[in-house]
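In what follows, chain A forms one complex with chain B and a second complex with chain C.
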Partner chain A sequence: MKYNPVTPKIISELENIVGLKNVITRPEELYVYSRDSTIFEHSPDVVVIPKTAEQVSEILKLANREKIPVVPRGAGTSASGSPIPIMGGIVLDMSRNDKILEIDSHNLTVEVESGVVCDLLNEELAKHGFFFPPDPASSPACTIAGMVANNSAGNMAMKYGTTRDHVLWLEVVLPTGEIIQTGSTTIKSVSQFDLTRLMVGSEGQLGVITKVGLKLTPLPEHHATAFFIFKTVEDAAKAAVRVRSTMTTIPCMLEFLNETTTRAAFDYAGLEYPVGYTIILDFDGAKDTAEADLEAGFKLCEKENPIYKEKAKDAAHRTQLLTARKAALPALARLRPTTCMEDCTVQITKLPQAAKAIEEIPARLGAEDFMDLGNFGHIGDGNMHPTFCFDERIEEQRDVFFKGMDILYEDIILPLGGSVTGEHGIGLIRAKYIDREHGDASVKIMRGIKKLFDPNMILNPGKGKGG
Partner chain B sequence: MTTEPKEESKLKRLEPFAEREIMRCMRCGFCRPLCPTWGFSEWDTGSPRGRMMLVRGMLQGDLEPSEYIADRLYLCTTCGYCEWRCPAGTKTVDIIEAARADLADLGLGRKSHHYIEERIREENNPLGEAKEERTSWASKELPQKGDLMYFVGCMASYREQGTAKATLNLIETVNPEGGYSVIGDELCCGSVLLRTGHREVAKALAEKNAELIKKSGAKIITTSCAGCYRTIRKDYELLGIDLNGVEILHFPELLNRWIDEGKLKPKNGEKIVVTYHDPCHLGRHMKVYDEPREVLKKLGVEVREIPLRNRETSACCGAGGGVRAEYKDSALEAATERLKQAEETGAKILVTPCPFCTFNLREAAAKNNIDMKVYDLVELVAKICT
Partner chain C sequence: MKYNPVTPKIISELENIVGLKNVITRPEELYVYSRDSTIFEHSPDVVVIPKTAEQVSEILKLANREKIPVVPRGAGTSASGSPIPIMGGIVLDMSRNDKILEIDSHNLTVEVESGVVCDLLNEELAKHGFFFPPDPASSPACTIAGMVANNSAGNMAMKYGTTRDHVLWLEVVLPTGEIIQTGSTTIKSVSQFDLTRLMVGSEGQLGVITKVGLKLTPLPEHHATAFFIFKTVEDAAKAAVRVRSTMTTIPCMLEFLNETTTRAAFDYAGLEYPVGYTIILDFDGAKDTAEADLEAGFKLCEKENPIYKEKAKDAAHRTQLLTARKAALPALARLRPTTCMEDCTVQITKLPQAAKAIEEIPARLGAEDFMDLGNFGHIGDGNMHPTFCFDERIEEQRDVFFKGMDILYEDIILPLGGSVTGEHGIGLIRAKYIDREHGDASVKIMRGIKKLFDPNMILNPGKGKGG
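Entry: the complex of A and B
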């Protein structure tokens, strides 16, 4: 697809739509908007902050008419390159639309603008006794629309589901400029193809989300938490499998940190324990039930001979453990200049095999001298984030990293019947694996859906799912 | 992608951060939503993450130092929230201060900070007040020698004189026989210059102050200003200034000791409810969180914490890092936001152990008709105990 350049005339049209101060072409800004949390980069030609769905609509009509690429962006925390404007064009910074519009504690719903930060939403909901359970580790920063676009998930997905399970309706501006509302404010509705679920996980390729209606979930009365440190990755993975396949209660969290990650993240959170492969186990609900569940889970994990085990002493101790878990990725940046986080899932019974093979990647690459491999994730639902730590400024190291990705996805995950992304999305970096996972026919359907919504391919082009 | 700094000589203060430190920032954005200055501009360069990227861009030769970059970096109050928040351990404040020093050398410093430097050269204070008037707040001759030295600081000497009077009042209450000094020749501690990248003059001030401290015979230096405290306690050492092992205490730390030793007691039993604001340069920078709170509690004051934004997660008053001097509206905007957070406690009095925070918060409260009395903590303690 050939796109047209952003000319001074286009800039002035953008200024007419959103006002002078909401359009910028300063090289310094373009530089900052050229990246997400991956190592890839490409500058947009202009960054625009639209304040209403109507403004977004005008911008998209203009871009559609002129064939200019448009990339919506939330907090830019993506770990897949998805908000990077690889064809240049317009970046829409949606993060400044950050109002919580209505908390309806009778109908158990909340209406938010696209740019509300996940943790700030939860701070506010907690005042009313509710929460929004998808809890990505990036929750201190990421926006609700970014989460919707990536179908983000987190520590609690095993029990509470991913973002898609909490979205009731969306206000979306289509690439051709129409403003639609998907879904319904009612809890049940089957009067439409499930456009909401199509939008969830569409990685900014099918429409620009301007408002989100979410379900509210009552905060549990109590959390009971424990952690275990194991000598080997297999022991840790086996403990997770044991909990998942033996217990009838679904844990609220069952999280994993490999040895490298444990060291970095515990250091950040001020936790001093023997270093090894860590499992964090958490049950929520009524106090007695949660504590009894934890006791049962504790006994199961003990069977895999942890070198250390402890129940969280109090809420502060629990917070410290969760802080360590959430900070896993940026804490790994303490080790080497660059961290590249991957995202893969396998069925839980395949976890021990997958986790062990992942640990062996640096040795397979002969890269132990300059590469550390962090691994952590939501092991309870088979989702892990192997993280390559190296120095992106050194060409050979970049090459080795790309080889490492191929080993991870092509030699380990796909042969085990896993998926090349559980929650971060295909974006830029996993596009090459999508055919092998889903097959040509399936990819063709996705491309067809993209074309239907976006005949001129202007919205976030060049990314995995829609092409 | 380039790996070498483009022109080494241009960014000599930043260069030591090029190889490793600036690379720590992996753009997770954890520091972004609660940066008190992110709201000052619409764009991402106004966030700590954006600031780290600007520095990285300059160091890698992708961006030229510019007025625009300087503006973004000078809008930071050096509150230290991002540094505390950063799981990667990025020394954001050190990086921003080093960048400012380089930018100032390149002629990209802020005008108001140059005036400040000039005024300090002439009058030993950034406010342009006459140096002879430094102790005009005191109604009598002040002793020049003693074991305890009260370092007043510029804000308390000239703008928040209530702080100076209350501090002296409390020192005299506990030390009726004397044994303390307040030096009339005291110079600006240098904080504002260090924070804004004017390091040479700051060092000269530190050296002169060190001489005065030695001459006074002090074994303990105390100051009621959070900025002076950080500077004398932390920066003087970094600048290689030897204070001969003198103990440096923030005044509430000393008050806490005096209360424990039974030297200071409340005079009346009036029930007072306050909320407490942690000055950034005292809290996150020096980790002094407990002592000021303990002083209040031991004197029977009910302290209501600002929900979710206290201690390490406290929001900045907006004045620090040279921001109030150059971007007064922004400083007041941040202060207003902070006061709104404080209002959630239901308390009608906000106390903070720093005259600069007091000054900025008080002005924001008056300007926006916010029903919140703002006191320096020492003023309240003096009211209760003297």
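Entry: the complex of A and C
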């Protein structure tokens, strides 16, 4: 696909649509939009800050007519390269549309603009006794539309599902400029092919999400939490498998940190426990039930011989543990200049094998001198985040990192029947593995869907799912 | 779209693919495939019973080459006309592929062939402590692939979600004959545009589902159930709204039967309670919690002055009540020769207004002498099944029925912002309302998706979603 440059005439048209102060062209400001949390980088030619779906529609009609790439962007916290405008063109900064439009506690729904930040939404919902369960580590910054575009998940997805399970309807501007509302404001509807969920996880390739309707979930009365430190990665993984495969109650959280991550996170949070492979186990619900479930889960984890085990004493202690867990990535970021977080899932029973093989990656690369490998994540649903810590400025290390990715996905995850992304998306970084995971016929259908929605391929082009 | 007839040569090719005994051409046998639970009727030219995805693929390649319509069919329990071969051609009877392939209680998944019957699956899963929550009234007969194609829901969807929320992956044969596997066998994956959920609710228009991978849900320890009879429809609806909008626990069931349905169902089940507008309320979970929740819900319902109220005394009493609820449709079927069950959803707060307006439909039609209107359903998520009881053989009554449908959807549901189907699908019967609910741009995209998957429009043509 051949794209056209952003000319001064087009800048002027964009200024007419959104107003002078909502168009950014100074290079030092554009630079802010050139990266996400991956190592890829490319500046847009112009950043536009639309306020309404109608403005987005005008911008997309213009871009579609002139064949200019457009990349929608929330908070840019992506770990896949998806918001990076690798072909230049226009970035749509959707983060400034940050109004919570209506919390309807009678119909158990909330309507928000695209740029509402996850934690801020939950602060407001808590006042009404509700929450929006998806809880990525980036929740203090990431936007709801960004979460929809990536089908974000986080710590509680095992019990509460991913973003997909909470979206009722979307207002979406198609690449051709048409504004549609997918789904229904009612709790149930099957009157449409599921355009809502086609948009969920579409990584900004099929449309620009301008409003989101979500279901509300009642806040649980109580959380009961414990943590365990194991000597080996296999013991930790086996404890997780034991809890998931034996208990009929679904835990709220079943989280994992490998030894490298445990050490970094405990340092970061000032916690003084033995260092090893950590499992955090949490049940929620009515107080007695949650505590009884935790007791049962505790006994199961004990069978794998933890070197340390403790129930959270109170809410403050629990917060301390969960803060350490959520700080896994920033804690690892203190080890080396670059931190690249990967994302993979396997079936639960394959966790011990997968987790052990992941630990061995730096040795296989002969990279132990300059690379640390963190690993952590939502082990309860088979989702881990192997995290390569190195120095991207040194070309040799960069090459070794890409070799490490190939080992991770091609030698470990795909042969185990896993998926190359559980919650971060394909974007740029995992694009090369999608054919092998899904096969030609599926990829052809995905490309066809992309072309149907976006005949001129203007919306976030060059990324994995739609090409 | 012009289709070609099924010639003797094509019959012979079909016999080569699936074997002589799996091809049906005798008119009296074809007649069995000419109806579902709606009043529409059309026989196929031939019924084919494939055993494998490869056979389905061969059949679809043949049909695609020869431009012959193909309608996949599970148990034919649809309430939308979707399985009726209105253009003749081939019916694929998928109900005979009824093997449960693997219950994996460690990975919390089950793999089934398309034709496994819902209740039989649940019987097997119960042996392992699990269940598949979607629970349509047709569960003794309906097939899993049919439930996927319609996104079936039933009594427990409010708490446990619809079929969509339980499907991990699908094996699907595309209309062009390609076999794909959507999704992932892992619990979480975002490596694909959501082809799985695009297939869920696609009503046999985008592909033929040959295998289904489902998540397992732990069976709850206990159910606590009560029922209430109210004097007016508004009191009953207000009780439902009160429970949903006040309690932070999501009930397992919150069901409704209007007076006509209550009378018929109590007669049918031999229950002797006062007749009125019934609400059935059920909480599940740990025993103490469920009973405490029921007590709280009971008090809320009492505020709307029920004329009768009772908690289920034991499991047998509960089964009796739920059997009466599930028998709503067969019970209504005893009132008049024809029973046409509709399907609509509104926001919870709009239930009293919607339910009252629905009660008034026969009077508005001047049809009280020859038409009864049952209404029942999953009022907890705003989903009701107004059911027209009349005699389809009398043309005047048939015309009045279609006028009643228009009043229901065009005068009541759509002006309230509702959806014309919560769980039964569009099919034939609701096709005329889809434009008004979703607008031109959405319908155009749906048509485009249909054309992308099925360029020759051979798969279940002439139905609502894909045209």
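Quick note on the criterion: the second predicted complex is superposed on the first by the 467 of 467 C-alpha atoms of A that agree within 3 Å, B and C clash if a C-alpha of one lies under 4 Å from a C-alpha of the other, contacts with A are read in each partner's own complex, and residues count from 1 in each chain.
We take it that a contact is a pair of C-beta atoms (placed from the backbone, for glycine too) under 8 Å apart; a residue touches a chain by one contact, two chains touch by 3 or more.
These numbers were taken from a predicted model, which means no experiment stands behind them.
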Contacts of A:248 with chain B and chain C, given as first, second, both or neither: second
Which of chain B and chain C A:119 touches, first, second, both or neither: first
Chain C versus chain B, contacts on chain A by residue: C
First, second, both or neither for A:313, with chain B first and chain C second: neither
First (chain B), second (chain C), both or neither touched by A:329: first
Which of chain B and chain C A:36 touches, first, second, both or neither: first
Partner chain in contact with A:299 - chain B first, chain C second, else both or neither: neither
Which of chain B and chain C A:27 touches, first, second, both or neither: first
Partner chain(s) touched by A:349 [first = chain B, second = chain C, both, neither]: second
Chain B/chain C common contact set on chain A: none
List of chain A residues in touch with chain B within their complex: 21-22, 24, 26-29, 31-33, 35-37, 47, 49, 75-77, 93, 96, 117, 119-120, 123, 138, 140-142, 265, 268, 327, 329-331, 333-334, 337-339, 391-393
Partner chain A, residues of chain C touching it in the complex: 105-109, 129-130, 150-151, 153, 157-158, 161-162, 164-165, 174, 178-182, 184-195, 197-198, 200-202, 206, 218-219, 241, 244-245, 247-250, 285-286, 288-289, 292, 345-349, 378, 381-383, 417-426, 430, 434, 437-439, 441-442, 445-446, 448-450, 452-453, 465-466
Touch list for chain B against partner chain A, complex: 1, 3, 20, 23-30, 32-33, 42-45, 50, 53-54, 57, 62-63, 66, 68-69, 72, 85-90, 308
